[in-house]
Structures are given as structure tokens and as C-alpha cells.
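A, B, C and D label the chains in the order they appear, each numbered from 1.
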């Protein structure tokens, strides 16, 4: 292992240490996510005034926009840990990358459905080939490809490495897709109405949005912790520390 | 043979893991030019895995490999190692001659050796232009063995070379191995059958299940 | 003893794959037949109205060719894995990326080239104006190698899995979206009498990049997928 | 309250959006819990089998 990686990080990379660390972090992150989420919902649904153009309909953005951000953010996290997993062959990085994918897919799915709900009112149809929605759809396919490839292998670690490689190809692809879809949209003069226009945002709308963004980040850390813990138990089932946990839970 | 010549291939504390379960090892051995090693062990003791690790198809789990005394680097030794596994690497739609031409194109050929001669040596004269898929299992094996004669490699890694062969075929493998070892080559052979080898007592590598 | 020179090794791989394809020429005809069938279905589904067919002709031909290529993609390394030739290729003392590049070239020559050859026929069945034909051929000539190269990387990734046709389509879709957009964009522009050079240039640039990077990625993917 | 629930006439769009958000995330949070239970159950089964085998070995050893 390279010497520039601090010792504590190296230690955290060992499965039993990370398992305990994630176990301690998990409830705090969940509590934080729930509290911040409730505050954001109150701010967004009750305190923020109706938009003078769109009425109350715009309130969908308080879940739509943070989910869209998370979809991209999680793909970034997945790609970075995929890179670490491939270069340094660290098991924990593989697990983090592979367990991030379903969470990212969930957020992308939320983005698509809420975007479509908003679209019904704006465009009068459930689906329109708007550049952003199309990009989100492609992002969902990228996630599904990574998840599908991971599960196609008999050997979990081999699957993780192959899927990590696919995630890296995908991260190069994301900006290309975004660029090409935008070009395609201008070519065919499609709808260019944006759900998240900066001009119409007032302070009372922005703070619930930002709070919700932090809440979703906390939720992601929480969900990732639970997933990585479950995955580590399965992957390391031959090791002593896992046996102790299994034995401890029977005693209770 | 002097002590100063480093072993062709050496392994130190070599082991391999699959899903954190040890498949074999730690293994320790040295293979000198002109030496034959038999890898012995029961089914599932990791013989095939060892050969695949040595060939470079699998990553070394733990421990180190040395090639002519230096830490092994694949780009240095790839030309000198030939691997013959369970899958023979022959295209069924091509003739033995065409298959050997491809092997020679990828690996190079020994001086004065051509596909026709190699096929004659393994007893496939008359079958040079028959598609491989029409050959019997033993004949396919012989066609694969012809590759060993064709390719200029110092180390042969043979996984179960005796499988599917009749008495004459087994004698052929032994003859090929003796010739290779006499010419200063080395070979690592897995087999769960008895091997009667006339060119001196082979080194034995024991795998534990 | 003599080492095999690089040129001879490339020629050996290319010749082998072309010979194999020739021995099974029936398989070469399959994607072509498939493209023909799909193209025939469009008028039945949409009605034989010339103006409508003309409008969709470019895109329909492009998507048809893409699907036909996808059909053949799965088999790119399949038989080589089954009989162990791929192991021998990986172990050969030659740059793996270059050898795989030759395999991809052979695959393109045997699956995409026949499709390009019959593309004008498919296009005229759908009433594409003759003036747009050269642009379509140019777009196909740039788009199909892209698909072969990208597809090869993904096929290499699935090399360690059981049959994976649907998964391959799922993985390829995000990668081929930009290719389809630019190729169809060029066609649409040409059909409307607008300048079509820009999307073709983008495709060309992407192809140049893919020609260099995809074989390397393919080699890396194959090593990951076989390492078990 | 009714006015709040009506969302200015857009209740049909706003509330499903929030419901989807909560339902999807809830399902996402629940999945690892169930998975963890399954993994531990399988593991306990394996440990029990191993213990039983060792017990048998010990018994035959004392018998002999």
C-alpha cells in the first residue's frame, strides 16, 4: 500500500473496523436526515409562498431537484471508489462502489417520476423528450447496467471489478450524453422549459431546497452504511469477526 | 550444471485465494533448465489454478515468482512460456495446419520447424487439412501438443496432458517432455495418473487439498 | 529461435478470424437478413405512405443497422472463450490491445460491412432521397466502427458471465445514444438541405478517440473478466 | 388544513411526488435490513452445521 495514505484511513479500510465505524455512524446520519428532511418539508410545503406563475405545483422541486443532484453525486462517488477499487484492489472500495449503485438508481428513479409528474401539468403529457429528462433516463440505464453486470457474475468480487470498470466508462459517457442530448434537443426544437429556473427562486424557496439537499446526503450515508455492513457480512462470512457477530445475535 | 545459474522459475510462499478461501499454498519450489516437475494432488487441490497463476491468467494471491532470478514480469517472459490447459485453444473450423500457423504467427516458430513437420512428429500425418472438429478427442490433443513443438518456449505448463490419450499418445507426451528437457527446457506437468518418465526422476510438487 | 514480429501476429489474428467467418458464411448473412426483415416491417406498421416513410427513413435504417450489429456482438468472443483460444491470445507475447483491435476489425468487416453494403437498398425501400445516400453511407461508415469498438469493450466485460444478450443491450444503450444522435442528426440535416458537416466531424473525432482507447479498454476489461 | 392538502388545486401532482420520494427511499432503507437478516440466518445455519459435525467427530473419537 502506498505510504501517502494516512494510517487511520488504511485502518478504516479493514472490513471489521469499517463495520463498527459504519454501525456507529448509521443512527446519527438517519436522525440527521429525518430532522433535516422534516424541517425542509415544513419550509417547502408550508412556509414558502406559492409561485406567482406556477402556483403550488412548483413544490415538487423540493424533492425533485435534490434527488437529481444525488443521482449525479452518487454516480461520482461510485466512479471514484470504482477507480480506487481497480487501481489498489481494495475490497472496501469495491463494496462501496457496488452498494452506491442501487441508492443512486433509486434517486434517479425518483427524479424521473417526479419530473414526469411535474411535466403532466407543464407539457400536458407524462413523458416528453426534454433534454434533462432524457439525460436522467440514460443515467438510470447506466446505473442499471452497472447493477446488472455486478449480479451477472458468479464470483462477487470479480463482478464488482467488472462493474467498477463499467462505472468508469460510464463517467466518461455522462458529459458526452449530456452534450449530445442538448444538441439533439436544439436540433429538433423541443421543449426547453426548465423546472429549476434561477430567476424565479426567492430566499424562502432556496433554504428548504438546500436543507433537503443536506438531508438526502445524510440519508445516502446512512443507506450506504447499512448496505456496506450487510455486504461485508456476506463477503467475509468465513472470518472470525463475522462469526462472533452471528453468534452474538443468537445469544440475544 | 553450475550452482551459479539461477532457476528458470522460482516460487516463494506462493498462495492463491478465492473469496478469501485459500485454494493452495504457500508453495515453495525452484525449476531449473533441464528439469521436469510433476504437480501432484487430489481433485480440487488447486493444480489447475497453480498452472493458471504461473501462466499469468490469474493474479498471484500472495508470495512472489521469480524468472531467471529476477522478480517475474509478464512482458519479459511471455514469449518463453507456453500453456496447455483443459481447453486446447484450437479452432474447430480450422485444420490443424491452420491452427499451427496462427500459433506460429503469435508466438514465433522454432528454427527449422514448420506445421507439417510438427504434425508428422505427433502422428497426425494425413490429417493436416481436416477440420479439427472432425478429429477424435485424442487427435485434438495431439494437434494441441504439436503447438509445443512449434513454439520456441523454455517453460511448458501442461495441465493434464495425458487425458484422452491412448498408450501411444502417453508415450508421445513422454517423448516430447524428454526431448524438451534434454534440450535444456523445463516443464511443469499436472497429472493424477502415474507417470513413467525415463529422463531421470522428476521433481515433485505436492498440493494439499 | 525467433520471436514473432508484430506485423505477422496482427496478420495471423486477422486472417484467422476472417477465415473462420468465411467457413461459416451463413452466419454473416444473418444480421443482413435481420435488417431486411426489420425494414420490411416498417411500412406494414406505419402504412405505405411515401412522405411518412421518407421522413423516418434515415433514422429507421440507422436503428435497424444498430440492432443487427447488437445481434452479432454477443458472439464476438464467445467461441474463443469456449475453446480456449482467447486464453492463448492473452498469453501470447504480443500487445493484447493490438490483437483485440485486429479481432474487432475482423468483426466489423464481417458484420458491419455487409450491412453498410445493403444499407442503400434498405434506405430506398423506405424512400430515402438518393441525394442523401452518400451522407448516410458516410454516417454509417463512422458510426458502425464506433459501435463495434464500444461493443467489444462491453462484450469483454461480460466474458466471464453466462449468456448475456439482454445485459449487453442494457449496457450498450447509454454508450450508443451519442452515436445515434450525431449520425441521425447528420442524416436529418442533409435531408432538410442543411449543413451536415458538424455532426459528421464530431463522429469522426469520437471515432479517432475510440480507435485508440477502445482496444486498450477492451484488453483491460478482458483481463478483469477472465481473472477468476 | 384542507386548503393545505389541496395544494392550490395541484394535490394530484404534488402529493404523489412526495409519496414516491418517501416510498422509494423507505424501500431502499429496508432492503439492507432484510438482507442482513438473511445473511446472518444463513451464517448461523452454517455455523450450527459445523458445530454438529465437530460434535459427531468428537463422539466417534471417544467411542473408539
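Criterion: contacts are C-beta pairs under 8 Å (C-beta built on N, C-alpha and C of every residue); 3 or more make two chains touch, one makes a residue touch a chain.
If you want to know which protein each chain is, UniProt gives these names: A = Heme exporter protein C; B = Cytochrome c biogenesis heme-transporting ATPase CcmA; C = Heme exporter protein B; D = Heme exporter protein D.
Everything numeric in this text was worked out from a predicted model, so none of it was measured.
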Common touching chains of subunit D (Heme exporter protein D) and subunit C (Heme exporter protein B): A
Chain whose average C-alpha position is farthest from subunit A (Heme exporter protein C)'s own: B
Selected pair, greater C-beta contact count between A-B and A-C: A-C
Distance from the mean Cα position of subunit C (Heme exporter protein B) to that of subunit A (Heme exporter protein C), given in whole angstrom: 33
Subunit A (Heme exporter protein C)-subunit B separation of Cα centroids, rounded to whole Å: 49
Distance between chain centroids, defined by C-alpha means - subunit A (Heme exporter protein C), subunit D (Heme exporter protein D) (Å): 20
Whole-Å gap separating subunit B and subunit C (Heme exporter protein B), where each centre is the average of the chain's CA atoms: 37
Of all residues in subunit B, the ones touching two or more other chains: 18
Touching two or more other chains - residues of subunit A (Heme exporter protein C): 155
In subunit C (Heme exporter protein B), residues with contacts to at least two other chains: 227-228
Which chain pairs touch, all of them: A-B, A-C, A-D, B-C
Parts of subunit C (Heme exporter protein B) lying in touch with subunit A (Heme exporter protein C), wherever the complex brings them together: 153-154, 157-158, 160-162, 164, 167, 170-171, 173-175, 177-178, 181-182, 185, 188-189, 199, 206, 217, 220-221, 224-225, 227-228
Residue ranges of subunit C (Heme exporter protein B) touching subunit B (in the complex, touch as defined): 1-4, 8-9, 11-13, 15-16, 19-20, 23-24, 79, 82-85, 87-94, 99, 226-228
Contacting residues of subunit A (Heme exporter protein C) [partner subunit B, same complex]: 155-157, 235-236, 238-239
Of subunit D (Heme exporter protein D), residues touching subunit A (Heme exporter protein C) in the complex: 4, 7-10, 13-14, 16-18, 20-21, 24-25, 27-29, 31-33, 35-36, 39-40, 42-44, 46-47
Complex interface listing, subunit A (Heme exporter protein C) residues touching subunit C (Heme exporter protein B): 86, 138-139, 141-142, 144-145, 148-149, 152-155, 158, 161-162, 165-166, 169-170, 173, 176-177, 179-181, 183-184, 187
